[in-house]
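Paired with chain B in one complex and with chain C in the other, chain A is shared by the two complexes that follow.
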Partner chain A sequence: MASVSLHRLTKTFDAGRPALQDFSLDVRDGEFVVLLGPSGCGKTTALRCIAGLEEPTAGEILIGEREVTHVPPAERDVAMVFQNYALYPHLTVHENIAFALEMRRVPKADCARRVTAMAARLGLAELLDRRPAQLSGGQRQRVALGRAIVRDPAVFLFDEPLSNLDAKLRLELRAELLALHRALGATMIYVTHDQVEAMTMGQRIAILHEGRLRQLGAPGEIYERPADVFVARFVGSPGMNILTGSGTGEGGRVMQCGSLALPVADAAGVFPTQLGLRPEHVGVGAVGEGVGEALVEVVEPLGSETLVHLDAGGQALVARLPGMADVRVGDRVGVRVDTRRLHLFDAAGVRLG
Partner chain B sequence: MTTTSWRMLAVTGAVTAGVLTLAAARWAVGREQRVFALRTAATTAAYLSIVTPPARGGGTPGEYDLPRLLVAVRALEALSGWTPEVEVYRGTAPLVHATAPPLAPEEFERLRRLETVRWQRGAALAPLKDRDDWDVVGAVKVRVPARAGAPGWLTVVVLLVTLGAGFATVRAIRRTTYDVRRSLLAYTIAALALGCSAYWDIRSAAKAGTDRWLSDTRLLLQEAAARLPGAASRVRLAELARLARGAELVEADSAGVAPVRRTDGGQPRAAVAARLGPGRWVELRTLPAEALAGRWLALLVGVALLGPAATWLAVWGVRAAARPQRLRETVTAWGFLAPAVLHLAVFSFGPICFALYLSVHRWGLIEPGRPFVGLANFTAVARDPLVWTSVRNTLVYALYVPVTMAIALGVAVVLNRHSGVVRLARTAFFLPYVSSVVAIALMWQWMFHADFGVLNYLLSFVGLGPVDWLGSPKTALLAVMLMSVWVQVGYQMVVFLAGLQGIPQAYLDAARVDGANAWQRFWRVTFPLLKPVTLFVLVTGVIGSFQVFTYIYVLTDGGPLHATDVIVYRIYQTAWEFLQFGTASALSLVLFLILFGVTWVQFRLLGKRVEYV
Partner chain C sequence: MVTVLAVTMIAPFLYMVSTSFMDEFEVLRYPPALLPGRPLPGNYGAALTALPFGRFFLNSAIFAGFVVAGQVLTSAMAAYAFARLRFPGRDRVFLAVLSVLMVPVIVLLIPRFLIINALGWVDSYAGLISTEVVSVWGIFLLRQFFLTLPRDLEDAARLDGAGEWTIFRRVVLPLSKPALATLAVFAFVDQWKSFLWPLIATRSVEMQVVEVGIASFHGIYYTNWPYQMAAAVTAMVPLVVVFFVAQRYFIQGIQLTGLK
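Coming up: the complex of A and B.
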């Protein structure tokens, strides 16, 4: 068991923009941290740097107390589960799981015992003599897990391990992984671009965008206090509504965003230019009600809730209404807003207050 | 087309194939009998002109003594054992059976003009020349018995069975059950038997024709010897030789009177002994007609198989009608395949079949007869010690392949990255492979040179040599192998590189995280995953090494002392220097079998498939 610290990590590939930039992250011993971000934001790169498969251009990596920035992967005591599992196609399940042990010169008998125990634990006992090509996606996933666990490493790295599975299996394995984390108490770094996965699994979530860390925090904190506009938009489904406008009224205490006039508290003296509003905090009523009126553009009835896309004088926003709401495309409606739940951002998109 | 019309097509095909086979066989049998009649007519004419004395008292020079001619002809008919039905004409008038119709004037004219034995109106007509062998004065006609060409009873039975099998197959074709495989197989076998049986009829007729001609000519020889003036013991063979046109006549010991078959110096022969007088025997030898009947076999079997082919087509048609999509796909697929198939057929299968044919024949460029000799070529190959030397040399030579592979794989691993220098190095390694083989061989000839070669120059620095690389039987093969390694490394390296680049990086990453060092990664991950490529390189390399020729031809000519004599070089020499194409073909078939076996073993040993996930 060990902590992992990344200190101002930068990784630049031959051409172009750095895949990772000044990326710092402290993962505590035994913690489950999720790296979340859109495709191409550098999640895999970060993970590969920790594993030692890529050498960072700048910055340093510590595992436990040890500086490992330039230590080869074999000596880092990390295990990695790859997105496509990377099971050796020419080896049986047994040989796949035993591979790492053999490389570490674990005695044969000991090795066989551990593999068998691992297989029993993951429900692979019947499959030990098969080759990867003869396994289903879920079974391959389990073998990949087994291969990582059997080594008993200090740190586990997962690169989107569930993204190739169907929804039901994903749910199942998610629970299994969490149970495993509890049982092993190991440090785990888990990469995903699926925010549901991130929210349900992570003790803390690190949000990456274009190679930079945008926010690090517990799931609730990320959702409720997004550090910037990107995080606000990225987390939640649909993401947060962001309105732009300018201040009016005495001392700029009202912000005019399109046809909506929103009262804002003066946050720390800096006046916001962007307002964030979660869809569930937006409601509709008769014209004249609320903070202004808007035109209904699209209605998406989802059964338990209805998403209503509104156009408020050029500002687009989404309202999440409970049940099957009675609105039609083309209606003019009044917009009600829970003004206590407004998020304020400055011109650069950084959270105020 | 409907199922019914497909079935009609199959029935038509079956009947046509049967009838055609029979007709072809009949025609061929008739042809053998015509050949016999033509020969007999020519022999008889020659006989008559030898034994008939000239007309007494002037007249036209060369004119025969007619009464004596008549006597000679009559005597022929009385000859015991003489079988042909002969009529002799003086001019156009029949000589023996006066009431027989005369020869048409234009037929006689044609005979006079062409002076060769001809087939006319169902009979063989040979010109009868005068005593001086100058002018055509009459003709000898030999008829073929009326029942000529009737099929043998066995053929008729097989035909009936074949037709029955054909009809049974056609009955089994239905829209719902296509599975006529078993009855189609039976039908095919029956058709094959029909072809063989019809061939046997032809062969028998050919053999019978040769035998009859030998027996008849034997009688004529004896008769001529008896009738010629002077003692029989002094008859000169040259005089009788006119009887034996297209055959050999040699003095011999006494023997039985029945024709015998034997092989003389590889050539099959049919022979019969004739007793010219007391203690005077000659032997009449000729090429047996059945030795040339082999070509009919392919034709007859081919024709007979038309029936099963039509039936198969009908099965296919019915099946395709049930699944039109499939039909379209099949037609399209064949459309795309056609150029390749055509090319293969003309330039690969054709020559292979021809080689097969050659391998069982004695086939020289200049020898006129190219008879069937069975497996004699193969025995000759097996008995030739040089062949064994060449096999051993080829096996030793093939050892260069694994050596090259090891080098090529090593180089490929080193060069498996992207950079300018690496690209340059790759090109450099590949260059020899795309250079002219002869140019390379000549260059190496210089490098190997005992006195001026660069290799010996280098060796002199370490105090070795000089080695007469190509001149010494100890090193010549090694030298050729060295050069082959140099040429092949580039090619194999490129193939290995392609293979290396086809291995997903993820496996190697996984192995690194799993703690494998570079050595372990190579042997435990890369090498096993490269197995299909390795197998490919090995198989193609070994096949190529068994086919080595150009280097040997240019560098050493198989020498010194056959030290570099390899199989293909042996084939080449046998064919083009010794002009024994049959033996050479047999040897190439042996090479084919060796390669087939080697490849099969390699696939069995290494060929378990690796599936990527």
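Coming up: the complex of A and C.
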């Protein structure tokens, strides 16, 4: 078990802008941290730097108390589960799991015992003699897990381990992974671009965008107090509505966003230019009600809730209504807003207050 | 279309087999006979005992066998270095090695002979084999194959604690069986049919390889086509066997690519 510290990590590949820039992160011993971000934001690069598969251009990496920035992967006591499993196709399940033990010169009998125990734990006992090609996706993922766990490493790294599985299996393995985390008490860093996975699994979430850390915090904190417009939009499905507008009225206490007039308390003397509003805090009513009028553009009935896409004088926003709402495309409606739940951002998109 | 192609490729071969069973004058008849009137299997015995063909086959087998082993080994190691290891000037060195492909083989015959002559290896297995064990074409073929192997596998092995040499031996080589088999087959066929170099590098009859043997046979029995064909057909048998044995790996190779 060990903590992991990244200190101002930068990685630049041969050409172009850095894949990772000034990335600092402290993962506590035994913590489950999720790296979340869109495709190409540098998540895999960060993991590969921690694993030692990629040498950072600048910055340092500590595992436990030890500085490992230039230590080879084998000596870091880190295990990684790859997105495409990376099982050895020419070896059986047993040999795949045993490979790392064999490399570490674990005695044969001991090795066999550990592999068998691991297989039983992951429900792979009957599959030990098969090759990866003869396994289903879920089984392959379990073997990949087994291969990581059997070594008993200080830190686990997961690179989108569930993204190739179907929805039901993903749900199942998500729960299994969390149970595993509790049972092992190991430090785990988990990469995903799926924000539902991040919200449900992470004790803390680090949000990356274009190689930079945008926000680090508990899932609730990230959802309720997004640090900037990018995080606000990225987290939540659908993400936060962002409205732009300008202040009118006395002291600029009302912001006109398209056809909506939203009252804002000015935060710390800086006047916001962007407003954020979660879809669940938007409602619809009869014309004349609420803060303004809007046109219904799309209605997505999901059963337990209905997503209504609105056009409010050129500003797009989504309302999440409970149940099967009685709204039709082309309707004009009044927009009701829970004004206490407004998020304020400045022109650069940074949170105010 | 495929059938036409297949027939035009196989027909001469079948005629060769057919001729090898004919009698000496049947071949020369006009219009030519397609099948022997009375098959003479005895042609084989007679042809193969006329010269020490047993010895020739042994020489060919030793020559081709060692060259194949050598080429597969050196090509695999060099190709892995060019495909995966990081060292300064790697790609430039690779280009330089590739450029050797443009030098005609004939041009190299004399320098190669001078080298083995200086070493006193003329008319020995060492002389035959030594200058053939590195194949630029083999390095190129395997490098291209190694480049297609998923890097994640090597990274997984690295994290599992394997060093470069172990990764090469335990992960890369087993996954490359189809490519290695391809190289081995081509190298074997190439060496088995090789004529000019063994002719130059050897002097005594005991050191001659099959190809050279057949040529000298031609000199002695130049009118007896059936004998020559019998010797030629026998010389082809190992090639056919090697091909069928290796076929397994070619097919396996196709399956492996589907799996990645």
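The criterion applied here is as follows: the second predicted complex is superposed on the first by the 353 of 353 C-alpha atoms of A that agree within 3 Å, B and C clash if a C-alpha of one lies under 4 Å from a C-alpha of the other, contacts with A are read in each partner's own complex, and residues count from 1 in each chain.
Everything below uses one rule, namely that contacts are C-beta pairs under 8 Å (C-beta built on N, C-alpha and C of every residue); 3 or more make two chains touch, one makes a residue touch a chain.
Note that the structure is predicted; figures quoted are calculated from it, not measured.
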Fit or clash - chain C, chain B, common chain A: clash
Partner chain in contact with A:G314 - chain B first, chain C second, else both or neither: neither
Touched partner set for A:R140, first chain B, second chain C, both or neither: first
Contacts of A:V78 with chain B and chain C, given as first, second, both or neither: both
Touched partner set for A:Y88, first chain B, second chain C, both or neither: both
Touched partner set for A:R104, first chain B, second chain C, both or neither: both
Touched partner set for A:G16, first chain B, second chain C, both or neither: neither
Touching partner for A:A51 - first (chain B), second (chain C), both, neither: both
Common interface residues of chain A - those touching chain B in one complex and chain C in the other: 48, 51-53, 72-74, 78-80, 82, 84, 86-90, 99-100, 103-104, 132-133, 147, 151
Contact set on chain B toward chain A in their complex: 504, 506-507, 509-517, 520, 524-525, 528-529, 531, 610-613
Sites on chain C touched by chain A in the complex: 150, 152-153, 155-163, 166, 170-171, 174-175, 255-256, 259-260
Touching residues on chain A, where the partner in the complex is chain B: 48, 51-53, 72-74, 78-80, 82, 84-90, 99-100, 103-104, 131-133, 140, 147, 151
Residues of chain A touching chain C in the complex: 48, 51-53, 72-74, 78-80, 82, 84, 86-90, 99-100, 103-104, 132-133, 147, 151
